[in-house]
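First chain A sits with chain B, and in the next complex the same chain sits with chain C.
What follows is the complex of A and B.
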């Protein structure tokens, strides 16, 4: 456990002192700010501000289709791919810490750090309230939670892709591609009749944001889908790490 | 490749596949309605279906289907950047998803919108014989229930001054619950409306049609009859006498007497134009119940407080003017509903003359500054003292009679509450009243106060927000990054 926390702290610290992460954060804040202001300028939102969480976090928003799938892999690319590139992964794997603890410490550090990204968006809501806007916090909180869980799922996918090669571009690009796969494939299949369509609708991520989170509702299946999905990617990363030792 | 490496590779693949299979199995289990929960984060728990609708959905027949047409059809509801459709469709999506979960696989829901494939949309419109404005169609076996967009929401239309349309009241839960209850029922309660003795609905077929359509949408069978005699003959469950303008013939009067003696439910509305003989007749019949009609017209000052501006033609009844205890009005108060009573006669609760077998309550009242207009100057004169006036009264038995009837009576001072625009605004009151009269008040619906929150920022305000969001926050982060970069070098 001691080794786990030591690694967790090290990962968190290395993210906090990486200048490129701040560049990413600045771009994220800039794009989010632009999307936020553009949403506020929509007449429907000005006529009824309760629509804001849906417009921002829901299936119609740029956040879901453009920002959330792209940024998590840019954070996770350094977790394993960079270690491989620098050749420090072998040393880490021979250290007195289990492979599972390595994977978990890296994933949880990325998750915790990603809260900073959403903290900036939360700040925009607080600024809006400071300007006298009547925000419905139940919907906003639901929207935030949905978006946070989505980014945790995508961090998991990014982590998994990062464990496959020492090529940073491949890790980031592969992670983003995996995330778009998770987003787009269910969208394409959701109109198919029968069980295929039913499964596609059940795992269609923006649908959960629309029908539950951004409407101020917590759906146990949606929460389980995001958490179990993230857990599956963490498990697959561990399998990949173990397999490196057995089958290089 | 050595056998050992092959074996290990297979083991790794098997482990990965096992993980995927386990997660898939868990998700499949958690997707089942019995293992699925939804928590409503809103303070007033307005995001979920009421227990009435939930119970009705649990009883829905197997292989029921629901198709939702979420189409932005009315131009007026889109103009001036109205939020009506986006908000309405979001609510519908959320509540239909809950309905699907609650129905435990018995209700298949298909949602079509403007982004659906035109082929699918055309096919669905043709197959379901969908007409303009129809939003939800539910089908169980041979039975079909159609819910129109205006059954789901009460709207205010855009103004000529450029004010966008907005949702005033939401009734999704109510309408969905009624439709499912109707699908579940073998036969519908019959509501009889007397027509032979005049009244606004008898005079105007359009008003009658609107009233009948509303009752049908609420899950009742409507039947127009000449009078109480025919209502008894067809075995109607509820008798409505709305705005009687001529006295009953002796046979009809005897039937009305029998109706009340048998403790059958009655919805009676007599306005200022009612025939005095008819008023006298009903006052005699209702003495035991302690309910009486009074002469005159109730007026009250306009609540906006403009000097000399009074409400005589249409009274506005605010939630604080409703009975907080009674099941008919309690939910209307919670949902912040405002009612209107056009041209209302005052009513009186007669505690002393009435029988002790009945309990009575005042459902709706005027403001404390109301008066009964007598001399026709439309202002409170010296003989027209200001006081609270009763606008709707109810009475029912403490204990049911041998037939299980409670003799429930709802008295209104205005038959015009059930006509035209007033009917749309009073719809929830009418449906709750009918439900109570038919002793179904335990099937309370989840009325929702749909508060719209307009926020029109000034140019300065939006500019300040833009600068903070697009310049200050990213700029500071970048500065922090540079600082970290400089320190690390």
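What follows is the complex of A and C.
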């Protein structure tokens, strides 16, 4: 565990002092502010402000289609691809730390750091309430939880893609492509009759945000789906690392 | 302590290492000599647990590097050839992080960092970011990192690269001290004098295969057999060379390799397996010639000369 916490702290520190991360945060906050204002100006929200979480976090919002798939891979690209590019991966993987601890420390540090991204959006809600707007916090909290779980799933995909090469563009681009694949493919297949359509509907990410999280409901299937999805990518990353030591 | 048993590594059709076996016992320094691309780094990467061998087994202190990788890695320190640390970390921060990664508790961490910083003369650099260090200091940080958990085995890939002559001397001395404390050390180099100077035993690698191995004396003999003797004389160099070639007592055991009349120098090559042993007759003969010998010395062979000799020996 000492080795795990040492790496976890180092990953958090490295994210906290990386200038490009602050640039990303600035762009994220700017775009989120714009999306937030655009959501507020929608007629449905103008009539009923309690619908804001559903509009902002749901399938109709730009947040889900534009920002959440793109930003997590920009954070995870540094987890393995950057280490490989800088030549520090060899020293890390020959240190006496298990591959599972390496993957988990890196992933959990990225997850913890990503809370900062959502913290800025939370401030917008607090600002709105301070101005006297009626915020339904159960819906807002559900929306945040759904968006957070989605970003953790996408951080997992980004982590996995980052472990494949030392090319940062491939790591970030591949991660974003994988995220769009997870978003778009179920949407395309959801109208297909039979089990294919049923599975596609069950794994359609924005659908879970519409029906459950942003509506203020905690759907155990959706929570399990996001957590297992993220876990699957973390597991695949571990397999990737372990295979380096095993596959001749 | 460090053991490789018939390890091979193939990348598709390319063979990087072929059936290589070696053992380094505690207190011994094994020098791994070979030109670039000989398979030295690949072997060290296998022995560090970074790469698996295509066949064969490798272990550290009895722990198999594939099946008990973590235990094996706990018992070795490794300095990769292109050692790099995260640029944003200062030297002290980096070493504390690495000590934690190696499982040292907080108190032990501080003591371990102080010990390696002291041993490697990094006191003045502890607050500098890694990216601001010179190549020599980066190597020191890499070695400090490898030594943090006091492993019984040490693997160093081209540790002298980028060091100035004084730093090399210090580094060599430090390696000798570590070996004297019982550490098993395996290091690679493509520079013959570096290996000769510090290694107890030498293994010569070429195209992934072991060309020769043995103690220093053995390699020095091989090297000497390829060494020309250079004479600097006052007198007629060309006449002396002609006389030497006609002297039945010295021809064919000594051959004129090169005549440098402008420099008053003559380079000779002995056919004897141990040229210094056979040079008595030459010097006796020179005493009777109308020249004065101002200087004579054995020219050190280059690594290429040694390889040529080893490859010739293998072909024969």
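Here, the second predicted complex is superposed on the first by the 247 of 248 C-alpha atoms of A that agree within 3 Å, B and C clash if a C-alpha of one lies under 4 Å from a C-alpha of the other, contacts with A are read in each partner's own complex, and residues count from 1 in each chain.
Here is the rule we use: a contact is a pair of C-beta atoms (placed from the backbone, for glycine too) under 8 Å apart; a residue touches a chain by one contact, two chains touch by 3 or more.
Since the model is a prediction, treat every value here as computed from it, not as a measurement.
A.B. asks: Taking chain A as the common reference for superposition, should the pair chain B and chain C be classed as clashing or as fitting?
C.D. replies: Because the two structures are overlaid on the shared chain, the partners are seen to fit without clashing.
A.B. asks: For A:61, using the defined touch cut-off, is the partner it touches chain B, chain C, both, or neither? Pick first, second, both or neither.
C.D. replies: It touches nothing on chain B or chain C.
A.B. asks: So, does A:17 touch the first partner chain B, the second partner chain C, both, or neither?
C.D. replies: A:17: touches chain B and chain C.
A.B. asks: Given the touch rule stated above, what does A:43 touch, chain B (first), chain C (second), both, or neither?
C.D. replies: first
A.B. asks: Classify the contacts of A:96 with the two partner chains as first (chain B alone), second (chain C alone), both, or neither.
C.D. replies: A:96 contacts chain C only, not chain B.
A.B. asks: Determine, for the superposed model, which of the two partners chain B and chain C contacts more residues of chain A.
C.D. replies: Residues of chain A touched, chain B against chain C: more for B.
A.B. asks: Going by the contact rule set out at the top, does A:133 touch chain B (first), chain C (second), both, or neither?
C.D. replies: First partner only.
A.B. asks: Rounded to a whole Å, what is the shortest Cα gap between chain B and chain C in the overlaid structures?
C.D. replies: Here the least C-alpha separation of chain B and chain C stands at 6 Å.
A.B. asks: On chain A, which stretch or stretches are contacted by chain B in one complex as well as by chain C in the other?
C.D. replies: Touching chain B and chain C on chain A: residues 17-18, 246-247.
A.B. asks: For chain B, which residues are in contact with chain A within the complex?
C.D. replies: Interface residues on the chain B side: 5, 8-9, 12, 15-16, 19-20, 23, 26-27, 30-31, 35-43, 47-48, 80-83, 86-87, 90-91, 93-94, 97-98, 116-117, 120, 164, 166, 451-457, 461-462, 464-466, 468-470, 473-475, 477-478, 480-482, 484-485, 488.
A.B. asks: Across the complex, what residues on chain A touch chain C?
C.D. replies: Chain A reaches chain C through residues 2-3, 5-7, 9-10, 13-14, 17-18, 86-88, 90-98, 244-248.
A.B. asks: How about chain C: which of its residues touch chain A in the complex?
C.D. replies: Listed in rising order, the residues of chain C that touch chain A are 9-10, 45, 48-55, 66, 69-70, 73-74, 78, 80, 82-89, 97-105, 142, 145, 149.
A.B. asks: Report the residues of chain A in contact with chain B in the complex, numbered from low to high.
C.D. replies: 17-19, 21-23, 25-27, 29-30, 32-34, 36-37, 40-51, 54-55, 58, 120, 123-124, 127-128, 131-134, 136, 138-139, 141-142, 191, 202-203, 210-212, 214-221, 224-225, 228-229, 231-232, 235-236, 239, 242-243, 246-247
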